[in-house]
Amino acid sequence: MENTSYFLGIFPLLTTMVFLPLVGAILLYLIPGFSGQDEHTRSRVTWFTLGVSGLTFIVSIACLNRFDPSVVTAQLVERTPWIERFGVQYYLGVDGISILLVLLTTFLMPIIVLASHSVKTNLRGYLFHMLVLECAMLGTLLAFDAFLFYVFWEFMLFPMYFIIGIWGGKRRIYATLKFVLYTVVGSLLMLVGLFYVVWAYAAQNGGEITFSLYELSRSVDLSLSEQIWLFAGFALAFGIKVPLFPFHTWLPDAHVEAPTGGSVVLAGVLLKMGLYGYIRYAYPLFPQGAAYFAPVLATLAVIGIVYGALVAWAQEDIKKLVAYSSVSHLGYCVLGFVAFNALSTTGSLYQMLNHGISTGALFLLVGVLYDRRHTREISEYGGLASKVPVFAFLFLVFTLSSIALPLTNGFIGEFLILAGSFQEFPVLTAFAVTGVVLGAVYMLTLYMKTMFGELNEEKNGSLTDVTPREIVTFAPLFVLVFVMGIYPQPFLRLMEPTVHQYIEDVSRKMVKVGSPIEEPADGTSYAQKSGGNAARAQLAFESFNVERVKPVANSPLNFEENL
Amino acid sequence: MESMGSHREIVDASLAIIPLCPLVGAMVAYIVGQKQKDLAGWIATAASTLAFLFVVKNFFALGTNQVLLDKSFVWLSVGNFSIDFAFQFDHLTAVMCLVVTGIGSLIHLYSVGYMAHDESRPRFFAYLNLFLFSMLLLVLGANLLVLFVGWEGVGLCSYLLIGFWHKNIAFAGAGRKAFVVNRIGDAAFLLAMFLIIMNYGSLDFMALSRVMPGETSEGLATLISVLLFIGATGKSAQIPLFVWLPDAMAGPTPVSALIHAATMVTAGVYLMARLNFLFEMAPLAMLVVCMVAGLTALVAATIALVQNDIKKVLAYSTVSQLGFMFLAAGAGAYWVAIFHLVTHAFFKACLFLGSGSVIHACHHEQDMRHMGGLQRVMPFTAATYWISTLAIAGIFPFAGYFSKHHILSALEHAGAHNPQLFPWGVPLSYIATFAAILTAFYVTRSAAMTFLGSYRGHAHPHESPWQMVVPLVVLAGLALVGGVFLEGALSLQHYLGHAIPVGDVHHGESMASFSFLLNALLHSWPGFLGVGLALFLYTQAKEIPGKIARAFGPFTQVLANKYYVDELYGAIIVRPLEGMARFLWKGADQAVIDGSVNGTAAVVEISGELIRTTSTGQLRHYGFFMFVGTLFIIFFYMAL
Amino acid sequence: MEIISLADLYSISPLLFLTLGAFGILIVDVFSKESWLRASYTSIFILAALSFAFQLADVAAPGKTAFWDAIYVDSFSIYFQVLILVGALLTVMLSHGRIAQEGVRSLGEFYALFLMSTIGAIIFVSAAEMVTLFLGLEIMSMALYCMCGSAVHSKDSAESALKYFFLGSFSSAFMLFGIALMYGVSGTLSLAESAAVLSSSNSGLVPIAVGFVLIGFVFKIGAVPLHFWAPDVYQGAPTTVTAYMACVVKAAAVGAALRVLWTSFGSDTLFGIWASAVWIIAALTMVVGNLVALRQRSLKRMLAYSSIAHAGYIMVAFLAPHQGGGSAVLFYIAVYTAMTLGAFGVVLAVASPHSSEPDADDIHRFQRLGYRNPVLAGCMTLFLLSLAGLPPGLAGLLGKFYVFNAAVQANYVGLAIIGVLCSAVSCYYYLRVIVAMYFIPKEESDSDSLAPLAPVSLPFAGVIGICAVAVVTLGLFPSILHDGAQFVIENF
Amino acid sequence: MNIFFILLSAIALSSALGVILMRNPIHSALCLIVNLVAIAGYFALLNAHFLALVQIIVYAGAIMVLVVFVLMLLNSKLEEQKSAGLFMLVVSSVFAVMFIVHMSKIYGAEFSTSGVASASLQGTVANLGRVLFTQYVFSFEASAVLLMAAIVGAAMLAKTTPERPRGDGERV
Amino acid sequence: MSTSSYLTISIILFSIGTIGFVVRRNAIVVFMCVELMLNAVNLAFVAFARHHGSLEGEAAVFFVMVVAAAEAAVGLAIIIAVFRNHRSIETSDADHLRL
């Protein structure tokens, strides 16, 4: 393999990034200290993990440094055969779609480690699983080989299973089993679908087998009905993870039972993987299937937005409320992505980051409260603003970010998503916009009920404000909320060329000569179009804005040239 | 129609400094306030005054047919869609900015006195400065999105300031209500923006004013306009979204004066003036605006008649006056709307601050039935309040007269301007006139109940400190002469004509002429009527109002309860939604969706258990199953 | 005419060593009562057999036979010989010290039977004609029946021996009947020769013959509807024997079944006959095995149902003879051996030493194992995740990868979907053990489960370690084994 | 020939039925012995003389003696008929009848002749011995292991170990 | 006699043995049923052997007898072991392991 030498020739930055946490996790058990319960060991273990995750973050920054936004394909590629006979490769790379999610992951992890002091039992094990989880998440994001992706995808379950199962709340076992089983059902179906694609590819390419995403998506040719079935399988797997309504019920359980760090990483990164799967695999592999299902997905997303918001409103448990708000927020992300134009897709990617930051922060805040009071019942709180002003302030900021107030990060994402998706699904988007109102309703109700009113001295009189350590935890998130809200351009610039090319490539394949779906290719008014069909994304892309973008004639996905 | 912007000269200027002043002020005030609470107010006042000065500087820098532009940075750029974080400063903006920063500074000063004893005053001033920042973004924004940032920002500050005394959960609830109701409008605003983006690919005012008139169908323009107007009804408290404003009086009184009278609530009017080219293309939407505005003006005025809370009276008055502004805007006389906006800012701010002064004096007593005779102890407050009362009553030569007069005449001529309005203009002007009478009546009523007669409360009222009196005096002065100044000296119509269509500018009559004066006094008849009637009823024939109230018992009840609108909304929107939320959670989510998930698991498990019962442990059974199973497989899958 | 050549003897040299060991240990037993001596004696002979099995690779050739076409000397048989011998070796290491605790008194006889069973297993997979195959099966089974009942004072052990014996004989009779019909149709008992005749025959007996022979294998593999013995016997037999049955015997049965199905019944017409039957058997096996395992409390019984389920996965690959199914089976069975043996090893370590107790291997005995013995629990977690096919149990996942990949390629998508859904269901019961090991807080756990574990002996730890290393290694570098498996299948 | 066959068949079938119908195990055992002898008769009819002899010696002589011995030893009572398993009986009988019908149809169609019996291929000791020691030499040797396993296993199972003696009543 | 006659007898015997296995509960009778099945197969083997004129079938029968003998030894030993533990040779009494 010619690429092997490439692999050896350059410092494998991505591999380092992926496996550094894993190595750290193993080394963690070499730190002396019996059972990790005494304060001294606890701090040593924490500092070590912080160091590892910080180092990983630095490595990811180094990747960012070497990352060229103008290149629209995988960069910093490392590939070497893994299961050679089946064309499975160890194939890592990063592109504009994943770079920011990678950074989000590495960025959140030190914060989670910092916030882990509330873990009272077996801190070492907790941090171990966190590091393993980081490895799995980074691997999932960086894998460009479908099977490697699948392996990392499933690998994410294992540490999360333990994190919820050991350090979770009362119904943790139910929640964690539900989480794992639900995900596994979907993803295994996806695996079968993947095999199908691979063999279809092999049949069309003279028996050559590969699991490489690019090669598969470039040259596998599936009929419409095949695409529909396969996409349905993939969509189910990823939809469960997102979670898309009505596959979301594992999420509140998992969130409520998970320890703070678990919730943060779940909301912050894990949920994104579902949508990332759509972006990276389901759409490029089955563009026509995707076009066929786009209205369904969009409808489910909008239902999720409104439904999640309404159900969140009715919650009595803070964490559950935030969990349902995730359902709603992820609904925006999905809606933005399936609308499939530059605006909405970029917004969707951006919103994924935002959600990771704001909801992650909210979970951290809930964790702060829970550490002090050991309850998450909304009715147990009230009037905290006068007792813990700094906390209330932070809570306010992240609440506002969550309800997408302008100049916070949430607004950028939501605006781009809705503005973009309005062009594809005007009516649905109009419904989705009600989520903007409902979001304010439930979040501000939560805020009012917990922070405002008379302080119940008996219950909350002894509450202490956030410690300096917690402030350090929140500070980066706080800063990012505003940086990303006021000056999003550096972030958008990283992903834009890739997204641009991506949409162009995929939407070109959505309409094919001889496909049963045909629509006149002149779409001047989007509002007139109803329902979903394959042509829409193409049209939307082409005629976005007044001047049309001409499809680049004959441009193959020039992935390999860039390696 | 004149196409704005096309022959306007664009001049680069640094406008970002204007909103930055209060933003920095907010931070500094809060941080410094942690150590030196008293300093916070002064810092905030200084910041807003500084902003005012910058505005004045730009006001003078702005030449005719010019627009100042500050492209701070590219905010959002995706594909071909790009939005700058840009500010523009034209004549409309100048007027708005002057009002915002000028009155804002005065109210800051006032607040220094008003909030002198509040524990959280650094927070208060930080919020207040933050509000100025947002409001300045709103009026300075060069595109809809920046405007929207300010639009939502002022909503947030309003929320924070209404709920400033958050220990009272009802106050906090009022804040939430304000925010949520505003958000409903904002949602419509967003949709309007999406429609614009979809069709024009830009949100820039100047670009839109160039592109839109040629390319827009009436239907689209109507849709966008109506959506924007829904947004405006939220922010500017028009029917049906006006319910939050009376509740917003929960905030400290300077807040009511600044946000809920002078500036924020007029944002909707500003929006219409700014997007006049769009509304012009949608006559039907204009009709809707006029209808809603007329109804609002009337309804709010009637409610105000029977309120006993001094701030509630003023709140409904504000709603009503905003209705007047929208009437003007809807009639196509944007400059009149702005005119009324400005004069209203003067006298309503003054009224609110006066009421604040009274409340301050009466130890946070707001019920007018427990006041009375205060003009003896608080002469300045009383005087300024009376001036403003006359101003709002629309009596010549007070400021209110001019703007109101223009509104009525604009309505009368609306039909000519907009064919859709043809049969409606005159009836609307009658309604407006009636509302004006009511306005004069209820404001005078409030003034009479507060300042005349004898004191009915238990506190020991006293005149307010100088920080509060100075703004009162300044504002009263503006209410007194502002109208004359704007009509005459500045000629607002002419001035705004550089930025928005203003129709034919009349330079004819001199204001000094006798005929003009006579005409003006004659046209002040609704004011005189209302003021006189109120003075008569509340100083001479004090028993009559009670009798009237009893005579119209049920109607009075309806008015006192604000037409039961809150209850109605509660019954048809809020509670059904709450019920639905609970149902969706318990019924749909937990029972059906999660139930089917767990049900699937249960089915799997139960079928497992059923199959398990075949493992009886009995050798014979096993043999039986093996034998039968074997033959079954061989026969059905192989041999046959 | 030379009846037996030296080459013939060389080609069965592993068997000779095992036979030598089997008889020898009976003699040793007379003179020594030391447990370790017998275990290590057995190990030595297995090791010797193993080394010769490796040597045989030099003389192996596709289709090569020995002893008048009685046994094959090809890479396939060597692969399985090695697998069987390694499994047997690990089991012996596992048994050391534990087997006596489980109530086995006659250690000499036990190890002799153990070796003879291994001999039977090797004959079973190497057989080139049906009588030899049947004899191999019977030798393996006969010794195994006795091993199951070797805890002579245990009711469960006796009961398991009874059930295994009767059901085993019953199914042997079925298989024998099938062999008779095969013979009736083809007039020969040789696998290779019968293949030609059978495929060209249009006799109505052919499907029935194929069916009954298949049924015999299905029984040994432990697939539905002939799986009933497995849970009962696995549960009742001494755990070492159970481990042996689950790994070695199943491997041998899979090997032999693959050989017969693909050699004698390998033609397209015959494939058409048995494919649908194997389809339904595999589907039922996966469904039943996984569903019934859900609520098992006895770990051994749970693993029994798990092994039934895995038999189903393996049978899926039977259907893809030309699409990589063979190497998938070979890979899967090896991985399966490693993880199941490891899992049983841990069960052996954790379960009550008094196997007569009704809940000796109940799941509650695993409570807080993660804190009582982290290493053991970690290994168990690895094995369980691997069985479930979840990373980091990569080996199991790759096994499924090969199997279902082959199935999809052979166009058995439906079966693959059933398989993966069942595999998802299986996560539940595997993860339940992890729940017990890690997620039960001290205050909620049963007090008796916190009793200290018996110390783990070195060979025992070695077995667990080897299995764990194998699972990890095969997961990361599957090609090590899979290339070999591919070679074996290409030289089938 | 036919007479013998019919006679043998009558004996074989009735004795086989007897095996499963007799409630007393001893009677079942005796029926089985009769059946085995009848099968030996079939062997003789089919020219498998050696097998016929072995059948009588090994089966009827050795195995069945062992069976009867164990039966007496364990002093088994009559079988209770309380749960006859009627359902299983009916279903399995139905399947069995279907099976028999199906099979005999095929047999009738494909094996209606008596085959190619040649004199040289009679199952005499010499002929069979030649086969066993050439073609089946491996199996022949392997059966030694089988028998050894059976012996060792039987010994292990049947003997009571001295380590944990049970009550005398249980000792067999 | 035609081969089919023997084979038919064989299949009938085999089925009877099977039914016996299913309905009888006395372990020794069950064991005898298995022997019956083996014998039925033996009969088929010999019949086929004559039909094909080959001795392989007869050789197979020889080995089946060996197996039967081994089974007898082991089976009876197991029955004894069961009796020792359960005090019964009813197969239905040995149902401790189930579900």
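Read from first to last, the chains carry the letters A, B, C, D and E; within each, the first residue is number 1.
One rule holds for everything that comes next: a contact is a pair of C-beta atoms (placed from the backbone, for glycine too) under 8 Å apart; a residue touches a chain by one contact, two chains touch by 3 or more.
These figures come from a predicted structure and were not determined experimentally.
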item: Touching subunit A and also subunit C, the following chains; value: B
item: Relative to subunit C, chain with the most remote C-alpha centre; value: B
item: C-D against D-E, pair bridged by the larger set of C-beta contacts; value: D-E
item: Most central chain, judged by mean C-alpha position against the global CA mean; value: A
item: Subunit A and subunit E, separation of their C-alpha mean positions in angstrom; value: 64
item: Euclidean distance of C-alpha centroids - subunit A vs subunit B, Å; value: 38
item: Rounded Å distance between subunit B and subunit E, as computed from the means of their C-alpha atoms; value: 96
item: Between subunit D and subunit A, distance of the C-alpha-averaged centres to the nearest whole Å; value: 69
item: Residue numbers of subunit D (touch at least two other chains); value: 85, 88, 92, 99, 103, 110-111, 135-136, 139, 143, 146, 149-150, 153-157, 160, 166
item: Subunit A, residues touching no fewer than two other chains; value: 181
item: Multi-chain contact sites of subunit C, meaning residues that touch two or more partners; value: 131, 135, 138, 142, 145-146, 149, 152-153, 161-163, 166, 170, 184, 204, 208, 231-232, 425
item: Chains touching one another, given as label pairs in label order; value: A-B, A-C, B-C, B-D, B-E, C-D, C-E, D-E
item: Residues of subunit D touching subunit B in the complex; value: 85, 88, 91-92, 95, 98-99, 102
item: For the subunit B and subunit C complex, residues of the former touching the latter; value: 604-605, 607-609, 611-612, 614-615, 617, 619, 621-623, 625-626, 628-630, 632-634, 637-639
item: Residues of subunit B that touch subunit A when the two form their complex; value: 73-81, 85, 145, 148-149, 152-153, 156, 159, 163, 166-169, 172-173, 175-176, 179-180, 183-184, 186-187, 190-191, 193-195, 197-198, 200-201, 577-578, 580-582, 584-586, 588-589, 593-594, 597, 601
item: Contact set on subunit E toward subunit D in their complex; value: 1-9, 11-13, 15-20, 22-26, 28-29, 31-33, 35-36, 39, 42-43, 46-47, 49-56, 58-59, 61-63, 65-74, 76-81, 83-84, 87, 89-90, 92
item: Residue ranges of subunit C touching subunit A (in the complex, touch as defined); value: 324, 385, 390-392, 394, 397-398, 401-402, 404-405, 408-409, 413, 416-417, 420-421, 423-425, 427-428, 431-432, 434-435, 438-439, 478-479, 482-483, 486
